[in-house]
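Next, two complexes with subunit A in common: one pairs it with subunit B, the other with subunit C.
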Partner chain A sequence: MVQSIVLSGLAIGCIYALIGITYNVMFSASRVFSFTAGTLGMIGGVLGSLFILRMGMPIPIGFLLALAGGALLGLVTEIVAVRPVLKSLDQHLYVLSTLALALMVQQFTAIEWSTEAQPFPRLLGTARSAFDEQFWLPMLACLAVIVGLELLYRHTLIGRAFLAIAEDTYAARALGLPERSLRMTSFALAGAIGALAGFAGGEMLLAFFGNAPLLTFYGFVPVALGGMGNNRGAVVAGLLLGLFQQSANFLVGGIFASVAVFTVFIIVLLARPEGLAGAALQRRV
Partner chain B sequence: METLTARWRASRANGLIATGAIGTALPFLVLLAVGVLFPLFGGGYWGVIATRAYIYWVLVSGLNLVVGFAGQIAIGWVALLTLGAYTTSVLTAGNVMAPLPPYLALAIAGVVGAAFGLIIGLPALRLRTFYFAITTLGFATIVTQVALAWQSVTGGGVGVPGPIFPEPFSSQWGFYYFCFGLAAICTWMTVNVGASRFGRALTAIRDAEVAAEACGISKPALLRTVFLFSGAVAAIAGGLFASLQSYITPDAFTLDLSILFFISILIGGRGSVLGPLLGTILLTALPEFAAPLVAWSTFLYAVLLLVIVLAIPGGIAEILDFKNRRPLESDRAIIPRPDLLPRLLGAPAPAAGAGALTLEGVALSFGGVHAIEDLDLQIQPGQVHGLIGPNGSGKTTTLNVISGYYAQQRGTVRLNGTALPVFDRPERARMRIARTFQTPRIVGSASVLENVMIGATIDGRATFVESLLSLPRHRRDEVMLRDAAMLALAAVGLERLAAVRADRLQHSELRFTEIARALVLRPAFLLLDEPAAGLSADEIRRLGALLLAISRSGTGVLLVEHHADLIFDICHRVTVLNLGRMLAAGTPAEIRSHREVVHAYLGG
Partner chain C sequence: MSITRRQALKSASAAVLATTIAKPAIAAKDPILIGYLPALTGPSSSTGIGINRGVQLAVQEINNAGGVDGRQIELIVRDTQSDPTKAVNGAAELTRGQKVNFVFGPVNSGEALAVVPMLARINVPQLHPCWVDTLADPTKYPLCFRNGPTNQQIGGAANRYVVETMKLKKVAVISDTTGYGTASVVAYVPMLKAIGADVVYQAHVDASNPDVKPEMLRMQAAGAEAVMPWSVNAGFLSRLINTRGQMGWDVPIVGQTTLGSGQTKALLDKPEHWAKVYPNNFRPCCYDATGKLPERTKVFVDRVRAAKIDMNDTLLWWIALGYDSPMLVADAIKHVGTEPEKIVGYLNQLKGFPGVYGDIAFTPEQHNGYPDRQIVMVEANSLKDGAFNMAPGYGAA
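Up next, the complex of A and B:
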């Protein structure tokens, strides 16, 4: 009992953390929170099921294509919904444009794929056990992304360029960094990470268009609590969220678990709008 | 003779505005007539569609104040529709207690809705845009889940019957007129609020929040009121919706509905009532004209939203705004009329009676940078006090400390001996301290006159409810604010542009608009942050004469400037800052001959 709560809690927490990282990677490159973050997770699951179950592709190919699909959607987000409104960042038009794009993808999926949750393939076909692949696959994916991003940011030139852009866009541009292509790369990377979250969590969440708004919300909680742009904060907060939600699920039932998560989220945000990790105030006058 | 011309000019401007009022009312009257006569033409099915549009509008009219006027991105407003629908239905069905009459249930739903509107809205007071959007979205998901799970009350997935309103509203057309009447009342009320000081204050919060605070507008108080109203009408719309559906299940309240409400407002145009009204009608009727598209309707709404955001951010309202497409005169000059100032600001106060604005040992550092250190400053009423110094010497920081945007770490700022509370910007306006900004902060979509009226928001006496219902005190407020604003505009020389959208003005005109906005507050102290920047030599000269006249009416003026000539021409006293410290203080003549100042700053 306790074991299954902890396992499923950590697994779902890893998915939330990955969506949180998706938000962060996009945010670092553009100062924009995109509503498409959860949609990317949903698309990862749907594309996985589409390629592997419906079209019968081998799993590795289906996996790569699902990631490519996510990266493509990330690129589309940047081109259609982010770039045109970057000039007037203070008007918050990005909230509306990314919302519109997220809705379009979500509705398209509902109509062309299915409005019902569809099965997701058993990826490794291991025997069912307490420590099942559906639990450890999201954890593995999360670990891989954290290590991968850490290596990218620390040890590659392009990773350092990402950090420079995130730190100070104007200074980075003044240094001659190709801001636009770095931003596009970031969005593609974020898209792939989001799709990976949905793919690795596919056995738990299934291929369902309705996952998009849920992931958009629950994936943002770790960002808000962990501090925006802070991946480590997102992972810790994501895992805590998953554990909290699953234990509340088992103890008081699903609905009240959602209410509890929401209430905690609001209270924490009202008490500390900058997130638990903290961030500086901006100059206004 | 002078006053006659002024009066004539003012009345002409008022006349312009009055014809504008008839022009604004006309589309509503047409819609009213169409709505009343609709049952003569429309078939039964179209009656249902029209009723649905009215119900949606009851909700959208309130949401419009939140989204369109205040600019808060509230996406999940369907939650309040759900709440109102279930409250009304459950109370009339008698699931929890003895069945109540539908009207009483609807009224209770309104109260519950107001409370939840406030709860959903509270995060907007502290959180940034995206956070607030996400919390409303989360709330919408949770309300549906609760409706699904709380079977004993809501009937869970099976649902609960909606209320039936008694005669004469039980028949289809009876219910049609009931909803139509409520929609008409909501339209009337929100038009009233939109054109009141509350509506203007909301747009100021949306487009120029910093300036709104300096005008004494308290964002939390205002938004709380608007969330209460918006929640109440949304829940009432929910009760009507349940009655129209005759049976409700959680499935009826999808997020798609929320999106429809939200997009109606954006398509209509922010800060308008007519636009969102047309938007609501359009989006409700649209799927009926294209039956095969029903499944795709939310997708189409999303496409529309994207197109609006990227291509026509002003929405329908901007397309319909013919008045502001007429070209403006090209070679217009700003000719201030300082002679009007005594009428606006009152007779000159006796110099001895009014207190000074003083800074004592004020210090503020950002990290390791000392922005200002141990600054003493005394601004006397009726005098122009110049504050000069090189870039980064702490001039604007000083101004921001006085007006409450920064809190000093040491020292005090006193007005007439009373210490000013740190960070309380609206309190500055109540103490009659007005300011302008280095980059003018103006509501671009509002007219110049409306922008200036924002400056005197705190002088209005009518409450929000009085404005909703257009009671006498509200109308008196409006006349008073309008007259004061016209006078201020005439005084700075912009009365000919009163009816023009502010974002069409030239830079120098925006600077004078800000001064007019500060003047309608009848300030005891006026703080100006580089008012001459970007002005022509002629304009600077007229500005100088205007500022001198303002000081002669008893107002103390703090002038932060780079134009040394202007400073030396009009200031009674000058303080020179360098690297956050006071370098010198004295009369212009003393400063001009101060060796260090000449060396460090004036270049000699």
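Up next, the complex of A and C:
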């Protein structure tokens, strides 16, 4: 039982963490919480199944095209749902605009793809075992993204430019950084990360339009718990969420598992509104 | 020449009289208008598309044979798009705009829940096959008749199969968190207990959770000898079946028709995981122990094949149900005409209408026309040409 809790808990936790990172990458570039993050995860699974199973493409090609599809949707998010509301961030219009876009994509997927869960390909075709590829693929994807982002942010010029934008948009623009291009690149990157979450977790979650709201909600929990914009916090909180959710599934079961997750979520936020790893918000007076 | 007011009135009276006298002769040649509310598109359309093939075949056969007393049947179709709102709009247009003589449909419970109360206020007879228990009530909806089973009958058949045929007493009953799922568990658990079962585990499960192993382990630990999941979610059901296979647990899974659907099959890790899975179905549309369909059904299937209707991507009972419905309406109109009260009076006395899907009977107090004995369980992995083998333990009809 412990093995099952740990394996499936870490796997689903990695998917949540990746969606949390998707939120954060978009947030860092724009100060906008885009609720298309879960939809990007869903679209990764659906496009993977579409390209590989329905269209018969080789897995590497299908994988790259699924990531490209996610990146494209990330760009569309920036252009359609984020850019028009950037000037009025204090009114939180982005909640409506990004949710509206997410719902549109979700409904379009339901109509054009299917309202039923569809099969997702067995990516490596390994024999089924306790430590199955459906569990370790999301872990591998999460590790690759963490390492990749660390390398990007710490060791490349463009990565430092991303950090500069995230730190202070006005100062970065005053220094001559192309803020709009960097923001669009961030959204494309976030789209690809979201699609990777859905693709790597496709064997668990299947190619299902209904995964979008699931990932939107559960993917937001690591962001809130880990501290907004804090990728390391999102990863730790995502893994804890997955493990806690699976433990609750085993211990209390049924719908009570979801109740347990959100009860703990609310208690943690009441105790630490800035999140477990976030810094307390300071207001200049 | 001037026309006096008296002459004008006489002329008008004569014209009205002539029109009135001529009307029955013209009416006898008018088509019979049957309003039809299938879901041909949208998420629930697989059922509607299957049923529609049977409906179209029946109307074609009736009209080719000369119609009903010389009157052709005109089917006026409004696709509900699997949407209750569009179903209500369609029903209103059929009854108020098109003035149909009868309405068949909707064919999904969600749409019927919206349409049935509305039609009850318009005095148009209605026939539908939807399963939700409250959708046929002679007191509230005296013009509405059901030619399909109720949820109580569906659950009852599954319960009897587990307890009386398989002789299993320890049962786990679970559902997803939809209204259908939760209502089914609430309804079926007392029914199981009433026939001597020990419900060792019951739960409502979040169907979006990708890992159902905890639930399966709990059911196993509780000593369940049969698992009865109530859900139409193919993803959820396939996860249960796959997890059972991965655990190497040999427990039978018995329940809703979706367990035997193509969508569920497509999500299985291995085809052999589908063994010992028994969904609901209907005896007249199943293969018996010798692999044969009942004679009446066999003749029907030959006609379906002759009409080049595809049966590989749908279920035989959907086509049969669709076929029987216009036949039943035509039978009533042939006997008593198109007056709503006379049709209702005829249907209220209907005894054993010989349908392909099943023999239908109504009384003034009972508008649920499908008999219990024709609801059976089948082997999910035996699907061939839209029909299944009956599950082990069923004798001849």
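The working rule: the second predicted complex is superposed on the first by the 279 of 285 C-alpha atoms of A that agree within 3 Å, B and C clash if a C-alpha of one lies under 4 Å from a C-alpha of the other, contacts with A are read in each partner's own complex, and residues count from 1 in each chain.
In the analysis below, a contact is a pair of C-beta atoms (placed from the backbone, for glycine too) under 8 Å apart; a residue touches a chain by one contact, two chains touch by 3 or more.
Since this is a predicted model, take the numbers as computed values, not measurements.
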When subunit B and subunit C are modelled together on subunit A, clash or fit:
clash
Examine A:L214 and indicate which partner it touches, taking first as subunit B and second as subunit C; both and neither are also allowed.
both
Counting touched residues of subunit A, say whether subunit B or subunit C comes out ahead.
B
Touching A:M204, do we find subunit B (first), subunit C (second), both, or neither?
second
Please work out whether A:S258 is in contact with subunit B alone, subunit C alone, both, or neither, and reply first, second, both or neither.
both
With the two structures laid over each other on chain A, which partner does A:R128 touch: subunit B (first), subunit C (second), both, or neither?
second
Does the superposition put A:S8 against subunit B (first), subunit C (second), both, or neither?
second
Of the partners subunit B and subunit C, which touch A:N249 in the superposed model: first, second, both, neither?
second
If you stack the two complexes on chain A, which partner ends up touching A:L151: first (subunit B), second (subunit C), both, or neither?
neither
Which partner does A:M55 reach: the first (subunit B), the second (subunit C), both, or neither?
neither
Using the touch definition from the top, say if A:P119 reaches subunit B (first), subunit C (second), both or neither.
second
Clashing segment of subunit B (vs subunit C; choices 112-120, 148-156 or 328-336) is 148-156
Overlapping contact positions on subunit A, where the subunit C interface meets the subunit B interface
214, 253-255, 258
For subunit A, which residues are in contact with subunit C within the complex?
1, 4, 8, 12, 110, 115-119, 128, 201, 204-206, 208, 210-211, 214, 246, 249-250, 253-255, 257-258
Could you please specify the touching residues of subunit A with respect to subunit B in the complex?
33, 80-81, 84-85, 92-93, 95-97, 99-101, 103-104, 107-108, 111, 213-214, 216-217, 220, 224, 253-255, 258-259, 262, 265-266, 269-270, 273, 284-285
Touching subunit A in the complex: which residues of subunit B?
73, 75, 122-123, 126-131, 133-135, 137-139, 141-142, 145-146, 148-150, 210, 255, 259, 266, 295-296, 298-299, 301-303, 305-306, 309-310, 313, 396, 400, 405, 437
So, in the complex, the side of subunit C touching subunit A is made of residues 42-43, 177, 203-206, 208-211, 213-215, 217-218, 233-235, 238, 246, 263, 266-267, 269
